[in-house]
Amino acid sequence: MTDPAALLTVHNLACARGERTLFTGMDFRLRQGELLLVRGGNGRGKTSLLRLLTGLAQPLAGEIRWRGQAIAGSRERYHREMAYLGHLNGIKDELTPVENLRLAAELSGAPMAEAAATRALTEIGLARCLDLPSRVLSFGQRRRVALAGLVNAGALLWILDEPLTGLDVHGVALVEGLLRNHVDQGGMVVMTTHQPLALDGVAIVPLQVGPVLTAPEAVAEEEATCCAS
Amino acid sequence: MTDPAALLTVHNLACARGERTLFTGMDFRLRQGELLLVRGGNGRGKTSLLRLLTGLAQPLAGEIRWRGQAIAGSRERYHREMAYLGHLNGIKDELTPVENLRLAAELSGAPMAEAAATRALTEIGLARCLDLPSRVLSFGQRRRVALAGLVNAGALLWILDEPLTGLDVHGVALVEGLLRNHVDQGGMVVMTTHQPLALDGVAIVPLQVGPVLTAPEAVAEEEATCCAS
Amino acid sequence: MLRFLTAVIRRDLKLAARRRGDWLTSQFFFVMVVSMFPLGIGPDPAMLAKVGAGVVWVAALLASLLSLSRLFADDHRDGSLEQMLLSPNPPVLLALGKALAHWLIYGIPLLLIAPILGVQFALPADAIAVLMLSLLIGSPVLSLLGSVGAALTLGLRGGGVLLTLLILPLYVPALIFGAGAVDAAVAGLGAEANLSLLAAFMVMTLLVSPWVAAAALRVSIE
Amino acid sequence: MLRFLTAVIRRDLKLAARRRGDWLTSQFFFVMVVSMFPLGIGPDPAMLAKVGAGVVWVAALLASLLSLSRLFADDHRDGSLEQMLLSPNPPVLLALGKALAHWLIYGIPLLLIAPILGVQFALPADAIAVLMLSLLIGSPVLSLLGSVGAALTLGLRGGGVLLTLLILPLYVPALIFGAGAVDAAVAGLGAEANLSLLAAFMVMTLLVSPWVAAAALRVSIE
Amino acid sequence: MNLAIFKYAAPMTFYRLAGRMIPWFAWGAGILTAIGLYIAFFVAPTDFQQGEAYRVIFIHVPAAWMSMFIYLVMAFWSAVGLAWNTRLSFMMARALAPTGMVFAFLSLWTGALWGKPMWGAWWVWDARLTSSLILLFLYVGIMSLWSAIDDPRRGDRAGALLTLVGAINVPIIYFSVQWWNTLHQGATISMTKAPSMAATMLIGMLVMAFAAWFYAIATSLVRVRGIILERERHTEWAAEILEGK
């Protein structure tokens, strides 16, 4: 707890959904330049954990501190330094990618010129879709719009829930590049994914939620947990 | 077209969604004991093809015949021999797995005893979730309920849209077993998946929708297609 | 055939029993819309008696519209509508079954609640009887026509409002004959003429709308 | 701060402009509910004039309720609500901005349409003026209180009906004072008393409801 | 840490405490009701203006009082819960609501029964009656909101917010007879004409009011015990109790 470089510290965290306790007594800390990789089977509470970390959900017990302060008490400051990408993209179907990007920038208080938005989207591989309503974009393309927004927010801490879903091989490589870049420049990442990830050279802090999934011999075990409350 | 063993024949099929033509001039036939594996990148029209095959959607051009008759003209007979599992599970959140299974059976005109439903669900690995409302089941478990319904329908032709989504390693092995069984007993399968599939010994008919996805060199090519038409 | 119809109806009744909250809420909406009017138009009993039938009928229309917007939507969203359409039975029976189930679940309670609301509007006893009768004959129309609208607007954004827009005009005859019957009773005239017109309208919708709804379903599901 | 508020409002206006269909439908619903009544209660002009204000007000309540059920729902479904809550700005401003945008988009048109409907109900000219004034003061209440209900019922099954159930009782004062003002004008009495009560109520909701809606949003989004 | 232990322990101790209190309040409610009804029907004389119908007052007034009072208590617990995030206070609010709704319904129903002989109509749209009806709607709305939300913690807080917003209705009911010129209430004047009768009336009404109090406490304690058990069924002590049954 006294590590001054650990900007994000989590102490004795417990999470409940409905009547079910997903995890208790979770502790970890994250320094600049580190990536926390949350692992665990389906329904073990990865998404729930990330939402606690964003401050959107309240923990059952325990504390999350950012720069030494509980995030519940300093929401606005924390949100200025944090960006979140969940299962949902948070883009509006009616607007074009450019409009979406500019809107997000405006709402976060740092308006963005049209040219800058175009550039950001081009970099992420959406050069030809700039003027289509997002509704007609494919799943992967929509994901890319959201990723462009994330990069543009310029936050120190990224919280990413399965950022690779829906992306093809090129997309995955692109995200890996973004992550490597961000961490190299002293950024912090908390993320989860079910897919393998090629992030050599990045300081990865692993975190397991629920039991480690191993070979398929233990079907009985799996069933025993399926309805455990 | 004159192959008498080919129960399902597709001739010159074309499909359009919105203003976009996804594919044209598709031809194939499927015999008993064969599995048609539809491959293709995201948004290429796999789901659209399967929905044409179920008769839920109408093709832009071309014909789908079952036992030599156009399916549009003999819906009820076709539907008696065909079962479909799409992206959605088609189970009701409010009901327990047992109730869901029995309901589906009743609607298809072959009521099912409670004991039989319990047995079917136990076989698919849901022994401990029989009496929970499906709402609280995990994604994979819900998928299993739908699979139990599929097996129980006893259809000759299975049309499966990414049946492996949400399943863990054990679940995937289970589905592979089901598929192998079904085909061995003279059943027919049309399916799509993005995951690798271990079906040695099964007569697989491959079908590609859209261009074959290869190594990640051709980013330019990919972008060129992203907003085509 | 008939077995499929009853299976569909039993299914919906069972589901309604599971989400009793939704069901009660809908009944309550009806009561509340009706109770809102005297607040808007003032407490004079003579006037309330005059408008009572109209208000109850309009509220019944609105209440059934709100529940109709979810007639097929829930089943569509979780994929069970698709599965039912793929069962080896004519879709007409599905549409008819769903509409009848809606009537049993949402229509019947309306006519049981109506007398209490009639009292609030100072309607005389025989007018209340006619009100119930008119709702008994008229409420199937709401469910049947509504099923057409629900099928047409399935899966569209803002479907609820659009549904209203499509269906309210079709409801107009039911409203006129239904409220007209009660008004006639309040005025001491016979309600038979209106009621038999209402019954004729009901029979017509019963014969036509399942077919239209089934066709609309097939279009919407594509 | 203020920039965030205007950004939220501008955003919603832009989105509304993109889905003009939804917007028109809502206005149409208002017109249609009101037009339904003369059919239900008969054409006598004297009586119509008496009930006119109440009917218009009730229809305004219902119309705004219908559009309110999607106030936060669309943003919730596509995740942009989450993102807005995570922006470094107080959620109160978000709730206030959304409510104000709703008022601009759905409230203002109501009061522009109202005179035409007033004519249908044979309201005298000065009563129509009062009707518009009462809607001008009263419609923000609908949007503000409604935003509380929309936030509370966010993401719930059957949310639309539930919203109605929660919010209609809270709307009652607005309805009573609003329709009361017009009735007073029709009766030739002064409408000021009612209008100033309405204004007081409006100010109160303006001060209180954004806070409650913001709290409800945070609860609902969990 | 201490606080956490306190939070977990509180429901359990309260569960036991409530279990011990329930019989007392239940019996109290029964006995007081018996006495109150005896006074109402046998001791209190017939009113010379209203005849026998006025005896409804012994149910009507306590029910009306309780319907408003319970709402205020609910609002109190909701505020406490929102402010200090104490689970027990939300449970109390949930346990109170059904009883409050019953009383609200009872006051409307008895009022309607009384209104027919008094005013010649079951129902009139005056301010007190209307606001009482809205109180019923609020109860129903709050309970529907609870039942629509699966997640108990979310439901608790959403319900609490709605309860607080609706609380403004209670003063409106209470003062409606003073603020607006209404039909309601004229009755009391005729009763004060015979002072001796007013005394028995008052005693009868107070006894019935206490009976209603005891009843409300007993029922909500029973309900809160059920809620606690359901919420805590994963804890050891609750599981033990559930198994013991």
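Going by the order they are written in, the chains are A, B, C, D and E; count residues from 1 in each one.
The criterion applied here is as follows: contacts are C-beta pairs under 8 Å (C-beta built on N, C-alpha and C of every residue); 3 or more make two chains touch, one makes a residue touch a chain.
Keep in mind that this is a model prediction, so the values were computed, not measured.
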**Item:** For chain B and chain C, chains touching each
**Value:** none
**Greatest separation from chain C - chain, by CA centre** = A
**Fill in**
Farthest CA centroid from chain B: chain E
**Complete:** Quick note, more Cb pairs in contact for D-E or A-D? It is A-D
**Prompt:** Which whole number of Å gives the spacing of the CA centres of chain A and chain B?
**Reply:** 32
**Message:** With centres defined as the mean C-alpha position, give me the chain C-chain D separation in Å.
**Reply:** 26
**Item:** Averaged-CA centre spacing for the pair chain E and chain A, given as whole angstrom
**Value:** 48
**Request:** Mark out which residues of chain C touch at least two other chains, giving numbers and ranges.
**Result:** 19, 21-22, 25, 28, 32, 39, 42
**Complete:** Residues of chain A that touch two or more other chains sit at 18
**Message:** If I count partner chains per residue in chain E, which residues reach a count of at least 2?
**Reply:** 130, 137, 140, 144, 148, 150-151, 153
**Complete:** Note: in the complex, chain C contacts chain B through residues 3-4, 7-8, 10-11, 14-15, 18-19, 77-80, 82-90, 221-222
**Message:** Could you list, by residue number, the parts of chain E that touch chain D in their complex?
**Reply:** 82, 130, 134, 137-138, 140-141, 144-145, 148-149, 151, 153-154, 157-158, 161-162, 164-166, 169
**Asked** Mind pulling up the chain A residues that touch chain D in the complex?
**Response** 51, 54-58, 76-77, 79-80, 82-84, 86-95, 99, 103-104, 106-109
**Message:** Under the definition above, what is the set of chain C residues touching chain D in their complex?
**Reply:** 19, 21-22, 25-26, 28-29, 32-33, 36-37, 39-42, 47, 50-51, 53-55, 57-58, 61-62, 66-67, 69-70, 74, 157-158, 160-162, 164-165, 168-169, 172, 175-176, 179, 183
**Item:** chain E contact footprint on chain D (complex, rising order)
**Value:** 148, 152-153, 156-159, 162, 165-166, 168-170, 172, 208-209, 212, 215-216, 219-220, 222
